[in-house]
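Notes for the one structure printed next.
Going in written order, the chains are labelled A, B, C and D, and every chain counts its residues from 1.
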Amino acid sequence: MIVLSAIVSLTLLGLVLGLLLGIAAKYLKVESSPVIDELEALLPGSQCGQCGFPGCRPAAEALAAGEAPATLCPPGGSALAEQIATLLGISLDLSDMAEPEALVARVDEDNCTGCTRCFKVCPTDAIVGAPKQIHAVVADACIACQKCIAVCPTECLQMHPVEVTLRNWRWTKPPRMRSSEAVC
Amino acid sequence: MLSFFKKAKPTIRGGVHATEHKSETSGKPIVYSFPLPAKLYIPLQQHVGKPAEPLIKVGDHVLKGQLLAYSQGAISAPVHAPTSGIIVDVSEYPAPHPSALPIRTVVLASDGQEKWQKFSPVNDPLTIDPEEISLRVGAAGIVGLGGATFPSAVKLSQGRKNKVHTLLINAGECEPYLTCDDRLMQERPEKIIDGVRIMLHGLGATQAIIALEDNKEQAFLAMQTAAQPYPNVTVMQVPTRYPMGWDRQMIRYITGKEVPAGSRSTDMGILLHNVGTAYAVHKALRTGQPLISRVVTISGSAVKNPMNVEVPIGTLISEVLDFCGVDLEKTQRLVMGGPMMGEALPHPAVPIVKGTSGILALAENEIKTGTEQACIRCGSCVSACPAGLLPLEMMSRIKNNQLDAAVGFGLKDCISCGSCSYVCPSNIPLVHYFKYASGELIARQQAQHKTEQTKRLMHDKQARLERIRLQQEEEMRQMQMEKQQRELAKAQAAEAEITS
Amino acid sequence: MMNRAKLNSSPHAKADSAVSVIMRQVLMALGPATLFGICIYGWPALFLFIITVTAAVMFEAWCLRLAGKPVKATLQDYSAVLTGWLIAMTLPPYAPWWIGVVGAGLAIVVGKHVYGGLGQNLFNPAMLARVGLLIAFPVEMTTWVQPHPWFSSALPGFVESLRITFIGMDNIDAVSGATLLGHVKTELSQNHLLPHSLDGLFDMANVWLGLMRGSLGEGCLPLLLVSGFWLLNKGVIRWYTPISLLGTVFMLATMFNIYDPEHYLSPLLHLGSGALILTSFFIATDYVTSPQTPFGQIIFGCGCGVLIFVIRTWGSYPEGAGFAVLLMNSVTPLIDHYIRPRIYGRDHKGKPLEVVD
Amino acid sequence: MIMVQDGWQVYYKLILMERVTFLVMPNRLSRLTTVGHHPASGSVKNGINPAFLLEKTVRAAMSDYLLLLLGTALVNNVVLVKFLGLCPFMGVSNKLDSALGMGLATTFVLTLAAVASWLLEHLLLAPLHIEFLRILAFILVIAAVVQFTELVMRKTSPVLYQILGVFLPLITTNCAVLGVALLNVQQQHSFIQSMLFGFGSAAGFTLVMVIFAGLRERLTLMAVPRLFAGSPIAFITAGILSLAFMGFAGLYK
């Protein structure tokens, strides 16, 4: 008798709770994770593929699923990594993240043949020019994806560090306190 | 008249009593005998806003006071020739900036003639159209001489637009060492008062208050005597406590009200100008002379003969230092401006610009670079911060790359006044952290902007490619259709031929 | 000559302040009360004091060495001396030598260097040591002896003192007794009501002059108060924490004493016992482990006060100041997180103010 | 007629009160039920004022409740004194916000689970004499409550949901939840007591979570030696915190 009542009562309990949860799940349904959208908005969106994912959306999905580290995006640098970490609430180890050196592509005008291959691949139309004419890079639009370097037949396109001027000069971070230096 | 202010209870928050070091220069008259340098290096941007655009070419002969470069854009200021001579070069030279990176500069070789250009000063600036005053102040290239270097004409126009009722003349000069405003007030109080009255007229404001720290007794007396005949100009003393010269601190002390974050003091009906600016306005309106020289305090214990000296804009700092005698071996740090907010210069081969209030050659015992130690959370910086921030919390977050958290603690309200670093017993370079973080935030903002731009560009490109593809398909289809039609016609013709 | 390679940010001036100066001032302030304590408890107190401070310095040096930090330069900030000193002040004066050593080790190693050294710790090292000792060695930590005025013959001699500190007391029960708060606790638990149970044992003057059983440094209250106010005057500490702490204890004690004088001690005895003055001026004001803002410090002080009163009155540890300080240390990050000064031009929530013309 | 009506009303009030009192405090039941209260006996006139009784009971109960609540939250803190629920205590205390979220979620689950398990025990398990299924049945209920919480949180706060991650479903296996439900049975708490015990435990849990998260947030800013950085220092800190909470010993029970 006890066994029967135990079986029946627990079964009923389970059924009732399952039913309630089923109803709740129906009412509290969530379409898609807004976190992925937020992550995608943070990522550069240049679909450069340097993270190893085919584009920024898949990278965002991997981030949301916890399959990729917050430091995955080299163009975004530590600033982006920090934003991602804040959004996902994870702690971040920036020590293994090399700060990307700001680069910009430049055309060596002596070697350019005007083949137009580079400006066909440029995702941001940062290379201007016409067939059989020397091309030039609009520095402000260049995102340093280096796609043009790969296709240039004469190797006249090269990456150069962005020149430091009064306009983009910044204070560097104070050096880490090295008290071991203080031995007198 | 002062009823608006009397109600308010004066408050001072934070701040420090920095060692003054003013007596070295405050008792000596301004020196006017500085020999004219052979070459002057006049940067085209000595102000906030867009750089001026040069009018002259290399080889041109210019007269003293002649316009060299005109202002472009809404916020900008023109640049004039500090002496007569020949333009030798217009290109990049080191800027008076901690990085000493190049800036576009006009190099003028003086001919020693000091031949002035002819001016047409107005007869009575106090009766002309206020708009005219703004125009003339703008044309004279006057910028905020306290160091902010914001074009004064823009401020005057904005103030008039905002119906400012009070002109507050900041003569606080709260930075240690600096006495150029102090000396100016002691020696030329009438001219300053005149400049103030001209600005009052240009603004349409009802009253002017000249506020100076109570350590400048002589200047206060001189200014009060000079202001005696004019009931709408008041001279008042404020306590000596750095940073009293921070405009918002001064407004809080005088009115008891705070300027809301993100607003300007003109929203409260108050416009601030530096006392040196008032003098420059007087000069520009009464004589027509543009801003081509300024009084600079040369001090610091490595300077043998500290003094206030009037020098043409564009003079190399090394030449001024030579004039005063400097012990370069003793000089541990060369500072442009005051010791609290001035910038350290890597070398003295940079020119004096409109915003240069002082050049300090400081020795080790003055800067006291101690070894940095760990923060003991003593809270001295919290008490010293005039803006009500928590410097140590911001610092520890910036140190650990948590910039957003630092912003949450009010990083953007930091004015880099240096009070926190000054009092820190652990020698932590707090301001350096804040400057780094602010720069980094700007860089990030720009990166963000660029990301958005990139997205738009990519979108555009894809749309264009898509359009081209569609177009090509359309053309192909049409070609095929035509081909078919042609073949059809041919076939029909053949058929017709056969049938016929 | 200028170092051209290094970029130096403003300001290019500096006040004359240094960590070591602050620490030295606190040490100086502790001096008179310590001397007084050593005088009334004799040689054993001096031995214990020296052992504890030396042990603290040795542990500090050892930890610095392990961490690869400059030993000599860092020792000169006097923070280890201060920690050891404060531990010694809160120990029973006739405690055996190893109590001092274990306490110093707990404070310096676990309380401080495990966290990364000066300024990094979350809990007050001295109080951590005291609480740890109290829980681990309850007998040694609650063996209180009667003080005797100024080198009187009742104090143990030099050799006897060496025995007390390094071997142990034989006649513990004969010379030791409870502190005021411990006594009250015991009496109340046996249903002896208050005013009578104190008769002849503890009078107010003795309590305030420190001539009653207690720890080494809680001694003479006038001396501690004078030192505390000297520190306030020097700007080393600020008044928010000590005054709010003392005020809270005083108010709570007054309320309960008026409500039921037979069960609740009078406020003046509360203030005078259990190292309350020492705690409020020298321990609760520790920079590292207390909040930054004035209002935060007032909350901290009030919290300490309430906890001290509650633990003393109803808890199992009549000398509960250490627990109270540790508990408030643990909420300090939260206080600092939520209590921030108002930023210029903004309201307390950080929103810009309204423009007033 | 009127008399009789009054008498019935009083009778109903007493019956109602009895129920309430049973819910409130089973051990006080006997005192009330000994009072004769048959409508015909006119006991109302004999000086037994139900309102007075009710008030006295409620007042006594209230101070008991307050003590129970504070005692559970502070003195017998579920984490630092009973050492239950250590998994989320160490796992989700990196950030203040997530610790608070976890605390609130656990509060919700714990209180609901305490109530539900009490009902289950007294309405199902005890009458059917199948108390041996207690753990099984409790876990079933707790799992359902956690699932529900998860659904709600996913809908209302996706970021928190993301942050809490696996620790949210793991509330099911949070030993504090099951522990409190079982302790309720063991200590024969009434319905209200169970609820308060659950809520008090959860409040204590949340308090400690928030305190610990505050400490850990500060720890991330400190120059902790590499040897101790991360979990080791967190464990040491938790130990010291537990040490500090020993100061509450003897305040309750």
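As a working rule, a residue touches a chain if its C-beta (ideal position, glycine included) is under 8 Å from a C-beta of that chain, and two chains touch if they have at least 3 such contacts.
Predicted model, so just to flag it, every value in this text is computed and none were measured.
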{"item": "Lowest number of touching-chain links that must be crossed from chain A to chain B", "value": "1"}
{"item": "Intersection of contact partners for chain A and chain D", "value": "B, C"}
{"item": "Chain whose average C-alpha position is farthest from chain A's own", "value": "C"}
{"item": "More contacts between chains, A-C or B-D", "value": "A-C"}
{"item": "Cα-centroid distance, chain B relative to chain D, in whole angstrom", "value": "62"}
{"item": "Cα-centroid distance, chain B relative to chain C, in whole angstrom", "value": "51"}
{"item": "Euclidean distance of C-alpha centroids - chain C vs chain D, Å", "value": "37"}
{"item": "Contacts with two or more other chains, residues of chain A listed in rising order", "value": "171-172, 174, 179, 182"}
{"item": "Shared interface positions of chain D, touching two or more other chains", "value": "220, 223"}
{"item": "Residue list for chain B, restricted to those that touch at least two other chains", "value": "99, 371, 373-374, 402, 429, 432, 435"}
{"item": "Overall pattern in which the protein chains touch one another (line/ring/star/complete/other)", "value": "complete"}
{"item": "Residues of chain C defined as touching chain D within the complex", "value": "67, 110, 113-117, 120, 122-123, 128, 131-132, 135, 307, 310-311, 314-317, 320, 322-324, 326-327, 329-334, 336-337"}
{"item": "Chain C-facing residues of chain B, complex", "value": "13, 16, 18-19, 98-99, 176, 248, 252, 257-263, 267-269, 328-329, 331-335, 339-344, 346-347, 360, 362, 366-371, 373-380, 382, 385-390, 392-393, 409-410, 413, 416, 418, 421-427, 429, 431-432, 435"}
{"item": "Contact footprint of chain C on chain A as seen in their complex", "value": "171-172, 174, 179-180, 182-184"}
{"item": "Residue numbers on chain A that touch chain B, as the complex places them", "value": "44-47, 77-79, 82-83, 86, 92, 94, 122-126, 140-141, 143, 164-166, 168-174, 177, 179, 181-182"}
{"item": "Chain B partner contacts - residues on chain C that touch it in the complex", "value": "1-2, 4, 7-19, 21-22, 73, 77, 79, 116-120, 238, 287-288, 292-293, 336, 340-346, 350, 352-357"}
